[in-house]
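Next, two complexes with chain A in common: one pairs it with chain B, the other with chain C.
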Partner chain A sequence: MTASPSEPDVRAEPYDLAVVGAGSAGLSGAVTASELGLSVALLDTSSQTGGQFYRHPAPALGAVRPEALHHDWSAFSDLRRRLAASGTAHLPGHHVWSTVREADGTWTVHAVTGADGSGERPVRIRARALLLATGAYERQLPFPGWTLPGVVGAGGAQAMLKSGLVLPGRRIVVAGSGPLLLAVATSLAAAGARVPAVVEAAGYLRYARSPRALVTNPGKAAEALLHGAGLLRHRVPVRVRSAVTEVHGTDRVEAVTVTRLDADWRPVPGTGRRITCDALAVGHGLVPQIELATTVGCTTRRLPDGTLGLALDDLQETSEPGLWAAGETGGVGGAELARTEGELAARAIAARLLGRRSGEGRTGELRRRRDRMRAFAEVMAAAHAPGPGWQDWLTDATDVCRCEEVSAGRVREAVADLGARDARTVKLLTRAGMGWCQGRMCGTAVACLAARDGAAEPPSERRPFAVPVRLSTLAALDGDPAAPADPRPDAS
Partner chain B sequence: MPTRNTSDVIVVGAGVVGAACAHYAARTGLSVTVVDRGPVAGGTTGAGEGNLLVSDKEPGPELELALIATALWRELAELLPPQVEYEAKGGLVVASDEPGMRALRAFAARQEKAGVTSQEVPEDRLHDLEPHLAPTLAGGFHYPQDAQVMPAHAAAQLLRAGGERISLRLGEEVTGLLTGASGEIRGVRTTAGEIHAPYVVNAAGTWGGALAELAGVHLPVLPRRGFVLVTEPLPRVVRHKVYAADYVADVASGSAALQTSAVVEGTPAGPVLIGASRERVGFDRTLSPEVLRRLAAGATALFPVLGTVRAIRTYLGFRPYLPDHLPAIGPDPRVPGLLHACGHEGAGIGLAPVTGQIVAACLTGAAPPLDIHPFRPDRFAATAP
Partner chain C sequence: MARTPADLVGAQPDPPFEITFDGRRVTALPGQTVAAALWGAGILAWRTTRDGGRPRGAFCGIGQCYDCLATVNGEPNRRACLVPARPGDAVTTQEGHGHDRLTV
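Here is the complex of A and B:
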């Protein structure tokens, strides 16, 4: 049964489980839990399941073979089929802005529907357990010219292609760092774009330092080979230890300068080469989207690539009892790992709620698979961790925060002259990160510039609103009218 | 200029109060070392709205402080760079009914005797001051002396304006006080070593009680949590600091329970700030949907136009609160060389300059600008452990 989006709040009783995010991890968790007998609500902002990885065209676009842009599509179509057959209440178009633990130990998930139009409406879902599968967003590092039209996120370019079947340009340089670049370049080339270069800041040699993780993950190696073969077929050259250090153009991208980097990612003088292009797809890996969890106090851990993920126990539970997480929220690792963790979490939740052990054999197998893929993910993250020298790409005039137009020079001034020492005080003194994106775009860069030693200190700030919420929506939350009021204002 | 390890005075805390103490001490020619375990404005200062208010204060010692501070801020606004965003915007207190208006009138009359300027705004003139106010209000009072600054810049620029006489030691936590043979202050011990000075100023805000304890004295500073809701940037829809008047009936409560009131103001950068809540829950940083609901409901009741506006962020801070709602300012007779400048509750930004002036006067043996007896740090009886 799929609940109608117009009346999802009709249940007085809590669900056994609420799952936030209907990508690989969330789908797998919801389907598994439902098949084990739990009542499940699955919330997602999108109108379709699949998340970022299995993003696909709306039916109206009439794509004949959406799977042509994906590998492993059968795993997704299998989950989709099982979801339809399960009793899961799928709640698409739900933007979750907060999760709260109630006094009785249950969870309340606060969401809004219709957030894109005028029909915004608050929704509350209660559940005995919560599984966060909110995925990740792209990490950006600024450089001169990165705000020119024609510069798009690498993940964004792929999303445009997967959901709208459109390309950001005809001649697209793909740059940044991380395994996503190869996948993006392959997709763009397969869709007909010319890709004059893939520019990867790291070297791939670091993978070789962890042969065990490579050997035990033949699937990942095959995936890399697949992309390598795709790039060869489309004659896409890959330049490692290099970065786009400047974008040229007046109204939009006309060319980029690609410069060699040393081991710390410092540009090597005199090695800049100009490459003509009309678009640049750039990204520096992915950042776990964990605001909902950190707001309720979940412990985080620093990942090898300098981002923060949730600290999870062996069965995917966070430091807050009753709150589980799966997929990229615990560290970026891809769709297959996400599916595994989703199922593992669902089994642990069912065991907890139903008070019985559920299939130790299957759980053990999932744990081993998870550990193996997690180990590979950590090797990958370490290989693509930004070196401190990337800051040398910036001039003082380069905008770091696009929303509030704060330049690198102003951030440096706040640190050198005004006593800022972290992303929060830089934000207070410059407004960097105070705009609409709330620092999702500039957070990494600001944190690096604020840190005295240049090492990326991940922003760990709690963000109570995972999405912006109307005041009328907040005002309509049910409250306790009997509580006393002290209208004495705050004087500072 | 102080050497790396010796100066005339050490200020513990780089919030706005510590910055003002350092600033005014440096102006008298003293060399100052400011120590903070975090960055500048990393505690309650960074979570404040920056209000410089006289309108909310009963006649009494705190109002006297506020009136002097108001004049000092006007001076500082000339001296400090424009990033401080000093704005003499004025406050507007509104009442929803005639009994509320009567209470406001009586309150304003008493304040006037103490030196506060205010003007009654009848119902039909309210919208000249604030065009978007709800149409159902009974009237209000306009307080032209109320103003606002940007708190983090206020602290940073006060320190910077102190020039070479102020040396900053950030990311260094004070772990103990150094004392001489007769218990007099000789400096502080930090996580990075020792700093020597004959005077130490406790400007540690909400953590001022803990610093007092390191000196072996009792100062019961407690955290009182407050949330602020921040909207998306808007063109100027709220011109003054606007708040509801019912507070006259219930000023200065010491209750631990959640209390909220509608306080709404625009900022030069565009977002509207919505406060204010108070609750004594220790240093709990968990989001409270009930607080957010009340803040949003209060703000949209005053300004219905805000209903469709989105909140993009909320943040919280911990006001340093002392049981009688007055700060502790001045020398501590129990420890020679120790001065306190903390416990300003929600008024620290506003009262910072006068606090700094008092501390500088005490350090140099000059007469403070007012009678500081009500703020004496040893006024709280130590309770048995």
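Here is the complex of A and C:
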């Protein structure tokens, strides 16, 4: 079971496969590998499987219809059932901070434990192969007032709703760019919030430039129609080519200004309209979470939305032999693609470890499905790539880095007066990106500002520590991975 | 049409319990995080920033942004969006880095 895992078989180390992330990709990879005969450890930060897409209330909240907040819930419940029936060692509450290849070719996965990783029991897992299914986090672009309480991530509002059954306000504007906004607005409205507007910076017309990707992915079109119908039912207007360019309020959100944008996302003067609300849910797409892979040297590729994903071969292997990736880590494409890639990776891993060939019918079918959905994902990413004009809605006083409270003015000064030409130099001069979140919230903005008017390099997504680790944990590492800390999950 | 998130999913939660926020009593449901319990009570900010003293609360909601850091039972820098609420938890507004009592 997912909420209180039955104690898995404790197998002799190393596992055949360690899977990091128990969302759609990781679950699919873990159960497939386990069913093919591999010993599998499945690590995830959360106490429950499902990742962000299938995030759901804890059992104590007694949700009779958790599927009311989800698309395609049965796909998840099927994976959950297979996980329970498999011999997979599910390790919930494990925050992986580093992965290391040992001299004998095996991998060591280092994790801290507990709901927020502050538990006293660091863990090391060894495995012959590694599958990274770490998903994505939400991309943010700053604007005046975005640090006010009541401004929350669009994905964040949905996550808090899905797991905690709470809303950040009663009148919630949903803004930014990307298909997630429609899903978020539909969920918030269904849960009782008034959504006075969905504000999308791009248009939807760019999808029409790639009719082949649309026609071959009818499921995606049906999903969009479903959200469209949901918004109609709740009378939620959608404003395209517009952005929230300012949030009003002293200690919390009282209203937002919505401004029309030109094709480059430049605000059109004189078009601002004020909308009263008590919360704003905002996001500009998703960023693959790949620091565990970049730290060990995996090759990346630039995606059409300006983020970095992992470069993968036809069977989901990274440039580092023995390290596979699936789902959003290779580019954001959604839960169905993630499930497909997870299974494909698991079959390739099993073939490698068991010395069998993997070119059979099922693998070919998975590859075709993966390629078809990847093509759609690339169209989607291109349609919602931020235009360069967004920087025009920043004032010098707008905080860019939320952690270190570094304003746009200070970043601009570092670029214009002090000669910084890349995000790293801006960071060294201003501390932007040096705080708790390690640049996850400000990375895109700092990279754009550092590029002046040129094309911004995607943030490098390099974080040697993927999550904060206490010095005491580091001090306890005795350098002998052959004698790992107790890898067994809590016997609770 | 459902009026609340709990209605939407047909929630039949275990009995609620109380935590405190800066001494004020807040009702939490079992299975909620500290951040969810505070949102449920209409509280959106439980931290002030190190430099500007500005209020902050949950932002990314999935443990990535660290804006929701709270002091829980005297321990600072807990991510409220991840930490489950427990009966009797004392949550206090975290000022700055949360270690002001240390004279450095």
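In this section, the second predicted complex is superposed on the first by the 458 of 492 C-alpha atoms of A that agree within 3 Å, B and C clash if a C-alpha of one lies under 4 Å from a C-alpha of the other, contacts with A are read in each partner's own complex, and residues count from 1 in each chain.
Keep in mind that, in the parts below, a residue touches a chain if its C-beta (ideal position, glycine included) is under 8 Å from a C-beta of that chain, and two chains touch if they have at least 3 such contacts.
If you're wondering where the values come from, they're calculated on a predicted model, not measured in any experiment.
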### Message
Per the contact definition in the header, classify A:195: touching chain B only (first), chain C only (second), both, or neither.
### Response
neither
### Query
In the superposed arrangement, does A:129 touch chain B (first), chain C (second), both or neither?
neither
### Task
Look at A:418 in the shared chain and tell me whether it touches chain B only, chain C only, both, or neither; answer first, second, both or neither.
first
### Message
Quick check for you: in the superposed arrangement, does A:436 touch first (chain B), second (chain C), both or neither?
### Response
both
### Message
Quick one: is A:157 in contact with chain B, with chain C, with both, or with neither? Answer first, second, both or neither.
### Response
second
### Query
Where does A:98 make contact in the superposed view: on chain B (first), on chain C (second), on both, or on neither?
first
### Message
According to the stated criteria, A:165 is in contact with first (chain B), second (chain C), both, or neither; which is it?
### Response
second
## Note on the structure
On chain A, the footprints of chain B and chain C overlap at residues 435-436
### Parts of chain C lying in touch with chain A, wherever the complex brings them together
2-14, 29-33, 35-37, 39-40, 44-45, 49-52, 54-67, 69, 75, 78-79, 81-84
### In the complex, chain A residues that touch chain C
45, 52, 57-66, 68-69, 115-116, 118, 137-138, 147, 149-153, 155-161, 163-168, 190-192, 251-252, 279, 402-403, 405, 435-437, 440-441
### Message
For a test of understanding, state which residues of chain A touch chain B in their complex under the given definition.
### Response
98, 100, 108, 110, 295-297, 414, 417-422, 424-425, 428-429, 431, 434-436, 438, 462-465, 468-480, 483-492
### Message
Residue numbers of chain B touching chain A in their complex, please.
### Response
14, 38-42, 46, 48-53, 56-57, 151-153, 155-157, 159-160, 168, 170-171, 226, 229, 231-233, 241, 243-247, 250-253, 255, 257-263, 269, 271, 274-276, 278, 285-287, 289-290, 292-297, 299-300, 306-314, 319, 344-351
